[in-house]
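Common to both upcoming complexes is chain A, partnered first by chain B, then by chain C.
Let's turn to the complex of A and B:
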């Protein structure tokens, strides 16, 4: 890292920065599902739709409706033959008690993606599981099962995911189910043998941490297995969006993961703007970019601090937290809220960022950048810190890809995906905004530490870029589509990775929201911690945990 | 260069930032190669103190920061625009026009300022104020009549906790307070600000307030989140495991009223009332200084500012825009 030198705007690579388009991925798994002539996404979509040529005017993900018996083969051919990845799955209520299952799959040229839908008749509501061929689908299927009463056929794991109590009916169905107060059983896997014992942790943790339960099986100090049980922060948030006017619901989007308020609000705003065709002034786009990058810097500074603290170096952590405070103070300077809450709204910003703050913001960004570079140099010189990070909590590329991981944690395992680069949105559409994506291949705590450090520095650089734009960076980004899609889609690279909002307004007036689905990056990344800790010692668990910094509330909603 | 005054702070006390950048170097600088340019080093470890003066000194607030809606019934026309704009029903209104009855609940407010933007008459303004914590939830609610006067609220209900208990808490815990934080389903926004109390900028330990890992070591519980169904039992067990005497600090709109989640069947809509001495801290999330104020209020070291829903006259009547 070349601290000191004025490097904003320079093109020096950050770590092993990758600038190639498209995602770098592992070799395809063996169980390929062959679809004749399906090497090209356009051909695949045309074939799946039954043959007609595609309209070039279409935008956004290709929308495809498949019959129930084609669901599993269609998904697996997308994933295995076309190398698309499952970004999210969600359910929706349709007429007559039917349930629609929607899936967003990203990949292909410009990461445009495919929006797949399958209809489940009300009487049966049965869906064949995508497991074991697509491990990413497990949590989505468990959620579909408990929230919509969909029976997942041949699923290896049918336990509830977010609901701890029995409900009078699946809560997302039109009638809505209510909690009964009766706790539903949840079986943890057991490990038996000489010297094997269990360590239960949580839901109330020893610190200022969100609630969740960890069940370790340990022999000596070595972790044999970890199962995470979540749902302790479940608030039924998706249901709360329903019936609200789009402008009323921003606070809910900010409250998916409060520490990523700006990213949540931006993803939600993008989805609303997408489906309603709301234009966004270029200056507001640029300002959103500034706020998003400031939030990223503040957030990831906290991860850097946490990793340093969890090896026991309190003074270094304090230093990182000095810088973190600086970043939050800067967000407050621009938005009036330390977390940037209430700043981003559908259509732009709630109020313009004050132009007179520019000099102070520049000074803060430089202070954070220089302070972090100095701190990291200092930390690199401490073998007692670096030895703890190296080789700890390894997540291999194969595991990362199978789980569909996103964000800095994925990039530290060599899975280089970043929607700012792969699927540019809002402020990142302009060709002059070139995001240098940091990555490492080791997948250990050290790799995640280094990636996060590089991302703070890059966020400071990008924030300066957006600050410099000041005026119009690009024209209004909402196209003049002839027909609006049924669903709006907003995908934002949050500090933890890809944050996705898919929403559908009520028909025909589109005045209120009929269904909003939010997929926090932690929904994809949580299972990774179970792999990361295997073979590690219990005292290194906090380090693994902090280096992943998963959101409980984002998962549970 | 770091910390001290937040950038552009209104009441900056610290040295000019240029002085701070000349902080003494860290050992890492000595190791850098001769050809490398001199580097700004990590000043916090070896540099000047960056801890803010509050609550012993004045708060340093960014120009736009710490804004709280304040309602002036005298100029209110009772249009109801504020109530329609509010995402959490913190403002409700009965009737229209002059004579309409407006209710402003700081315990449900998420401080988004949509009401201020929506108000056509300027009756709602964003004033700079954050010392909103109260001992009784009733004190969070302002009841105004459009066209009426300030201070016409019905009389506040009596404090349920006796003076003797308050004094005992103050006597026992003023010098050293052990706090156990419990997240009862929050969005983790409050956790950012609670964590910030341990950062150098706020350093609650300098005030004798420290966070402990076990409820058995705790004198007080700091509860965030709307108390969702899945955390009810854990919260109750944590409360039971905390030895007496103890008190509660309930932080954030969710813990007070359920906040944005108040209508969900999966949440209780905030911490249920109890006989324990409690302090309620509005905010979404409450800023670190607001949490420090709340602890000092609980310890009897400061006076309660928000009374019967009314901000202190000097704040409400000020010309801050």
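Let's turn to the complex of A and C:
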């Protein structure tokens, strides 16, 4: 699953087969299974821990605590020598005003990942930057800096990320931070020269969309540079989780990116179940699979409609929107909510999926599949549409890798990552579930369009597979085993890509949530748009934007 | 064919102006309705554009602080320029009331004046979108206007005149032989031009909310109230002008050449049918294509130029036209 690994074949089951030996329900017989390449990974972990042998009972990511001076070399050796990738980086308050920095690195032959931690003493709170060697780290470091007051040493970009001029005190520290009313310039890059001008767009847009500011430097119609400024939808959601009981906070996880409610709730539920050792009935896992795939089909159908609409082909977009609504209607039929809100909870499902809906669901899935196939044939026959898509907004594989992109956008650039296949969870653990991952190598709008179309069809197929297994919907929400990791981790392939929740309950009773970190896929994918539009013409920007369909709220939280 | 008495001419002129001003919102309504139906929507009522105009005329005018005194006048100059073109064209009676004073090249000039004023006003407030819109529109204009002239020459070649009335009378005198390959080529070129000039797909998307892709809409973002009303109305009038010219030259039948109640009524009735059909056709065409990449518009203009040149060649070299 790591960058550049030879996993471009869409049906390579190597990784999933390894993982689906059993997760959580049965202790995995890892010691008997010799995974190629696993030795390096274990050797690295043992060396980083300073020698002790690894316990076979360990589950989940390898937890490693490194000293401050070993932070940078450890991360870089993990990323460059072992080909792991940075999935997320977050801060936590520790005792005595210290700040802990946690990083999740995914990859490796065993697909367990590494959970790296470094402690920053309260007085100084200085962390050497991972840049320029690890570009993915930039946004994480900027967030760490503004939220926890951590000084990032030798960083090329120390501007705030989410907080705007009115904030100065780091709001995630125990003392908190209130807006101060002091404004300072943000410092957009400037481009000068004959005929070069700036186009500021937003944060309020003409369409009914989320807020974000785009600053273009343009020569004629050619985009020389784009800088995106976000944070307008920052709600401090991570802090809102704190102090809530795990069963109360699902609604927060659903609203990280409201259009991916099921994925958000599932990632959160998986994290809670991970840290508390909650058993989930198999029927509930299967039903989650159904809801996740229905959400994916509906969401990506919306993307397909949006791309067709933004080239001005309103009639085709209307057809695509009919199919989108059909998928959302099915989600409503099953959960009572168009967006699937309130369906997935820690422990399973809030309510069992109504068995009598089976026929209706099957019928809609077939209708979506058939309708989309017909629509795509029609679109392929329209040179005026295909001409707009081809070669527009190219994201190269190199850029996608450097930014650590995820989801359909990464797969359209040849970076074939899919958590469902690479690190199966919940419904996808079962061996009979084989996710066929679509990918393209061109990285342009057309490639993203085709990947999304293929994923809608695949989501319909998987949803049919998950359909119709009855049984109990919810397991008991109690701690069943004592030896659990300190952090719970939930990673889900949402419609936009890998959605990650890492959480830690309060010690020792684990009654309430002490820290919840959410990493929306858009957090990794937003910078890509700045690369995608370079050299394109201004009127093609909305098309590049729509083909990526990034979440503002998920980025800002 | 002698020209009627001056007072009759004057009455005809007034009636033509009222007709063009009155019907233009309806044609916009037809195009919107056709497009809505293609998207499985009911669409607004056909009279909605009239209600929109009434609403806008009741609203105040507001200007950017950075705007100069040009901004309040520009839409009205542009509007008057478009309305002034009406008497130069044949509607339901030839000769056109002001046909003696100018030919189709005057019409091209009036359209250019209207475009120039709109583009100038878009630059006035100094907003980015206005600047983007005006550069794009002037670029499209630079492609469209020479094509327009070529089409006029192609149309005028058989009769040897650039006078709309003469072209129409010549056409009428030929009967069905009027529909020559040369005429069809030139009229196709004009059809392409009509889409570009009136800001329809695939050149410009009048229904989009995406500021960065706009051409005409980007230029008028700064306007509201009565100014916006005359801009919107003017856009409809421009469509009527071009559609009226195209149908008059391509299908001149029904246009009266002598005064008479029956002939005039037939002329007016057929004119309404011709204009509505054109609007319906353009609406359908718009649902069939996506918006072209901006610089592809040059290809469209190349096509139109080629068609117009082909038409002229047919007329002069082959002699097919006459």
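The rule is short, and it goes like this: the second predicted complex is superposed on the first by the 497 of 557 C-alpha atoms of A that agree within 3 Å, B and C clash if a C-alpha of one lies under 4 Å from a C-alpha of the other, contacts with A are read in each partner's own complex, and residues count from 1 in each chain.
The rule is simple: contacts are C-beta pairs under 8 Å (C-beta built on N, C-alpha and C of every residue); 3 or more make two chains touch, one makes a residue touch a chain.
Since the structure is predicted, the reported quantities are computational estimates derived from the model, not experimental observations.
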- Looking at the overlay, what does A:322 touch: chain B (first), chain C (second), both, or neither? both
- Give one of first, second, both or neither to describe whether A:313 is in contact with chain B, with chain C, with both, or with none. second
- With the two structures laid over each other on chain A, which partner does A:540 touch: chain B (first), chain C (second), both, or neither? second
- Query: So, A:384: does it touch chain B (first), chain C (second), both, or neither?
  - Reply: second
- First (chain B), second (chain C), both or neither: which does A:233 touch? first
- In the superposed arrangement, which partner chain does A:206 touch: chain B (first), chain C (second), both, or neither? both
- Message: With both complexes overlaid on chain A, does A:198 touch chain B (first), chain C (second), both or neither?
- Response: second
- Item | Comparison of chain B and chain C by chain A residues contacted | B
- Task: Answer with first, second, both or neither: which of chain B and chain C does A:225 touch in the superposed model?
- Result: neither
- Message: With both complexes overlaid on chain A, does A:151 touch chain B (first), chain C (second), both or neither?
- Response: neither
- Determine where on chain A the residues touched by chain B overlap those touched by chain C, and list them. 206-207, 315, 318-319, 322
- Note on the structure: chain C contacts chain A in the complex at 35, 38-41, 128, 131-132, 136, 201-202, 205, 207-213, 287-296
- Query: Can you list the chain A residues touching chain B in their complex?
  - Reply: 3-5, 163-165, 171, 176, 178-179, 203-204, 206-211, 231-237, 239-240, 248-252, 254-259, 261, 302, 315-316, 318-319, 321-326, 328-330, 332-339, 341-342, 350-351, 354, 357, 360-361, 363-364, 367, 370-371, 373-375, 377-378, 381, 551-554, 556
- Seen from chain A, its contact residues with chain C in the complex are 197-201, 205-207, 221, 308, 310-315, 317-319, 322, 382, 384-385, 387-388, 537-542
- Message: Looking at the complex, which residues from chain B come into contact with chain A?
- Response: 1-3, 6-8, 17, 26-29, 31-32, 36-45, 50, 62-65, 67, 87-88, 110-114, 117, 181-196, 198-201, 211, 213-215, 225-226, 228-231, 234, 237-238, 259-261, 263-267, 284-285, 287
